[in-house]
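Paired with subunit B in one complex and with subunit C in the other, subunit A is shared by the two complexes that follow.
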Partner chain A sequence: MKFLFKTDYEDDIRLFPHSGYLWTYGTLLVLIAAAPFVLSSYLISQLVFVSIYAIVGVALLILTGFTGQASLGHAAFLAIGAYTTAYLQQFGVPFPVYFLTAGLLTGIIGAIVGFPALRLHGIYLVIATISFALIVEEILARWESVTHGNEGLRVKTIQMLGTTVPRDSAGFYYLCMGVLIVVILGAINLLRSPTGRAFVAIRDSETAAKSMGINVSLYKVKSFAISAAITGLAGCLFAHKLTFISPEMFTLQLSIEFIMVILIGGAFSLHGAVLGAIFIVMVDPFLTFLKDDIPGAIANFSMLMGAGAERAAAIEKSTAAVASANGLKGAIYGFLIMAFILFEPLGLYGRWLKIKLFFQLFPLYKRATFKRQKIYVKSERNR
Partner chain B sequence: MSYFRAENLSLHFGGLKAVDSVNFAMEKGEILSIIGPNGAGKSSIFNLISRLYDPTSGRLFFEDQEITHEPPYSIAKLGIARTFQNIELFENASVLNNLLVGRHRHCTSSLWQEILYMPSVRRDEKIHRHKVEQVIEFLDLEPYRDRVISGLPYGVRKVVELARALCTEPKLILLDEPSSGLNVEETTDMSFWIRDMKSELGITVLMVEHDMSLVSRVSDRVIALNYGKVLAMGQPAEVQSHPDVVAAYLGA
Partner chain C sequence: MLDFVQQLVSGIALGCVYGLIALGFVLIYKATEVVNFAQGDLMMLGGFFAFTFIGILGLNYWIGFFAAVVAMAAFGMLAERLVVRPILGYPQFTIVMATIGLGFFLRSVAGMIWGTDDLKIDTPFSQGVLRLGGLVLAHDKLSVIAATLLLCLLLYLFFNKTTLGTAMRASSENMLAAYYMGIPVKRVVAIVWAISAAVATAAGVLLAPITFIHSNVGLVLGLKAFPAAVLGGFGSIPGALVGGVLIGVIESMAGFYLPQGWKDVAPYIVLLAVLLLKPEGIFGLHVRKKV
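Entry: the complex of A and B
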């Protein structure tokens, strides 16, 4: 086990507490850089989605994980970013400009949404954000002069520095990863500075935050704006990846997927956003695998166990029906949410920390180390 | 003019007069205790001063400035800090981060500076940390620096809350039952700290307390309250033997 001897206040501030972290993240960076040369184009495309989901995950972590304001409206923020991109492209605006405008505009709308949300807590805030998302969806479908309604909008490839960056090129992959890394670094900086601490204070006790001189309303609006702005940036990348956007892509289901990213990843650390994004994006290939390979495999297996050819064909048919049933994705999501809330509320990153501690303390790890403790009842009167 | 003053302070919830025309004034560097049976309106006065409640009528003055209509967050900026009866700490943050939140009123960096973590932010962080370390030393919290609040025992939480209030570098501190839930030894420590806050840090202390031994050990003056009204005011011994106060506690 490694013991850190702190001799300077800097030891608690720096990005990497010790050299081990530099090695870990250095290796990760090399792997990310090397991926396009090694992995298939399908996997690279999935990694692009991972990075976009992770960016939204970071945004949602800042708002929900650290400020304690739940939101089911992030698909709408993503949509605003995506539509800003598609709209501005029509006038020949260069990529860096409309990319930043997408973030800025979404941030402003996020702040506007933040204001009515000031007086709402918990489930009521969730309902308010859902209604916001529904309103945005409806506007996108009806405001045809700008959004082309349900026909949707086509998004042109990125033109930058005299070259084009097609959506399945290595260049686009690097762009998305670059944005993700910059967003994560910005978020880390924010969270280790006074604003980040104010967010955590609001999450844990608004009353105490007020009496420590924190302007709770201002910081909630800030949190909404920052979260929305980051999501807007992700929306721009999302639009370029899909090359075509229409209102039905930004439904409640997508917002739920984003919530799942942080729920499954672990809502208490930025690591959670990335781990959760990997998990959620990989559900799709897993479902394809279910549809394509599982029925045949089960049929073969039943043949092996002595079933006749006719029987095996029937089994293959019925498994295929289950594997390609409508709503299977939703069912799997629901099951995952329940399983994580029940068995691992700290998410994948929490599980990883436990595994790490197990090896650090080996053979002295106690099973009760992470047993959930009773928490003192807190007064909610002054809310 | 007095340092802190409440004029005809009232808080009515419909027909219930939680605080009823309370007048009191404090001098700079004084330790004033408010005593009274449960429901006498002690904590309500605190919530009025920290502006969590709006008074029905009456006015509050601090350093000759009226604070009756200030929003709650600017009360801390004026130099009034408080602790809570039921402990309102930031449960899932470390002791260090809790105390650094106390430094919030001295933070000046802008959002962009923080996102880029400019050298000025780094410099300020170290200054804040240094101030926090002074408070940690003052209250002997060194062993708990990196511990998360949710894993700390009650007695330590109580001290951390006091520490967080001190980190704001207050001029006036409001202590809501500082000794509730503490054992005899911890209560003795608390009484020393309250005296030291006055003598070493020059802080004016307004305190709600039930433990009479602590009250008489530390306070310069005592106010007795019942049904939102002031029963008696004066030296600790005087107030404790006042017939109305005895009647309020024991029943007449």
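Entry: the complex of A and C
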């Protein structure tokens, strides 16, 4: 186990605490850069979705994980980013301009949402953000002069530096990964700055933060704006990836998927956002695998176990029926949410930390290190 | 004028539907300060249970109704035991997420078991129509109004007059203190989930002739019941009824007098306005802030 000897405050907030970090992240960077040459185009396309989900995950983490303001309305911010992109494109605005405008505009709307949210906390905030998302969804469906209503909008491919960047090219993959890396670095920098420290202070205790001289309202609005702006950037990439957007893509379910990203990844670390994004995006390929391969495999297995051909065919048919049932994705999502909350509250990154600590402390690891502190519910009404 | 009154009456009928679902939210909130996002899905499941008992097994309507309520009360206890109890006492948002997960799960599984078609139950209220002057009111809507009023009254008395009701209020105020006073907090929570699931089932069965039973009915109506619960003040039983009726009337008025599209959004705009201006709702408790 490596002990860091810190002699001043700079050591505490350094981006790479020791050379090991440089090696790890350097290797990761090389792997990311090499991926388009090695992996199939399907996997690259999945990785693009991973990066988009991870960007939203980081955004949500800043708001929910670090400032403690739960939001179930991030699909609406994504939609605003995506629609800004599609709308501005019609007037021949170049990519860098509308990309940044998408972020800026969403950020402004985020700040506007943040103001009313100041008076709310806990469950009321969740309900308010849900209503905000539902209202935005309805506006997108009705404001036909701009959004074309339920017909949706087409998104043209990116034109940049005289070349086109199609949505399934390696260039687009590098673009998304680049944005993700910039966003993550930005988030790390934000979190070690006074603003980030103020966010965490607000999460841990609003009263304590206030008495330390932190302007709670200002920082909450800032957190909303930053989170929304990053989501808006992701929305621009999302629109380009899908090439077609319509209001029914940005539903409550998408907001819940984003919450799942940080829930599954681990709610208090940026690593978690990326891990969670990988996990959520992989649910779809897993379902396809379930549909295509599992029924046959089970039938073969039952033949091996001595079942007749007729019986095996029946088994294959019934498993196929379950595996291709309509609601299977919802059931898996629901199950995942419950399972992670009940059994792995620190998420995938928490599991990785546990495994790492187990080997670092080898015979001395004890389970209780990561035990959650139980707090007994006191009425929120008296807050 | 007659149009206005007809809209008002049908708004009230619709509002009672929301009120009935909001009652379930309020019950669980009142006893545990948890908002159960799966409430609408419990209602949906109750409807499917009743369909199974009445439509498939061919039981008498009232016996089937009763059986569904009992079965769902047991199911509510089971859900509480498996999903909520292990995380009782952790931050609110954790529990909220768990109930969202539960809702997802129930919706999909119900869709797999009972299919995705709209199902119907034959009820004694299905056909009749009440005429008052120029007003027309279907019996099934009247049954919802009557049941909502009755349940509100019963639950209000239960919470304010019985020992168990007082224990529930105590455990929501301060779980640890309630525990010290000898209240079996865990059992109280289990019971409140059972009651809430039973109320949801009553809603589901009474709504069956109006909205039909399908796996998404809970999500759609559940989201509309939130504004009702918030408007009434989240912890108040009469508030749920009043909030529900207000939302119902606003929705049907917006549908009649405003351009298309406002009908679906109006409840949420009202909700946001209420949260901004008077977050404790109409009947909410006003408590001074302690540091």
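Assume the second predicted complex is superposed on the first by the 371 of 383 C-alpha atoms of A that agree within 3 Å, B and C clash if a C-alpha of one lies under 4 Å from a C-alpha of the other, contacts with A are read in each partner's own complex, and residues count from 1 in each chain.
Definition applied: a residue touches a chain if its C-beta (ideal position, glycine included) is under 8 Å from a C-beta of that chain, and two chains touch if they have at least 3 such contacts.
All values derive from a computational prediction rather than experimental measurement.
> Of the partners subunit B and subunit C, which touch A:151 in the superposed model: first, second, both, neither?
A:151 contacts neither subunit B nor subunit C.
> Applying the document's definition of touching, compare subunit B and subunit C: which contacts more of subunit A?
When the residues of subunit A touched by each partner are counted, C comes out ahead.
> For A:207, using the defined touch cut-off, is the partner it touches subunit B, subunit C, both, or neither? Pick first, second, both or neither.
Both: A:207 reaches subunit B and subunit C.
> If we overlay the two complexes on their shared chain A, which of subunit B and subunit C does A:130 touch? Say first, second, both or neither.
second
> Is A:256 touching anything from subunit B or subunit C once the two structures are fitted on A? First, second, both or neither.
After superposition on chain A, A:256 lies in contact with subunit C alone.
> Of the two partner chains, subunit B (first) and subunit C (second), which one does A:194 touch, if any: first, second, both, or neither?
first
> I'd like to check the shared interface: which positions of subunit A are touched by both subunit B and subunit C across the two complexes?
Shared contact residues on subunit A (touching subunit B in one complex, subunit C in the other): 207, 375-376, 378-379, 382.
> Please give the residue numbers of subunit C that touch subunit A in the complex, ascending.
32-33, 35, 83, 86-94, 96-98, 100-109, 111-112, 116, 172-176, 179, 215, 223, 226-227, 230, 234-235, 260-261, 264-265, 268-269, 271-272, 275-276, 279, 285, 287, 289-291
> Touching residues of subunit A toward subunit C in the complex: what are they?
Within the complex, subunit A contacts subunit C at residues 70, 116, 119-120, 122-124, 126-128, 130-132, 134-135, 138-139, 141-142, 207, 252, 256, 259, 263, 322, 325-331, 333-338, 341-342, 345, 372, 374-383.
> Which subunit A residues qualify as touching subunit B in the complex?
Those residues of subunit A that touch subunit B are 9-10, 12-13, 186, 189-190, 192-198, 200-201, 203-205, 207-216, 222, 226, 268, 373, 375-376, 378-379, 382.
> Write out the stretch or stretches of subunit B touching subunit A in their complex.
47, 50, 52, 71-77, 81-82, 84-93, 96-97, 100-105, 107, 109, 111, 114-117, 121-122, 125-126, 129-130, 150-151, 154, 164, 168
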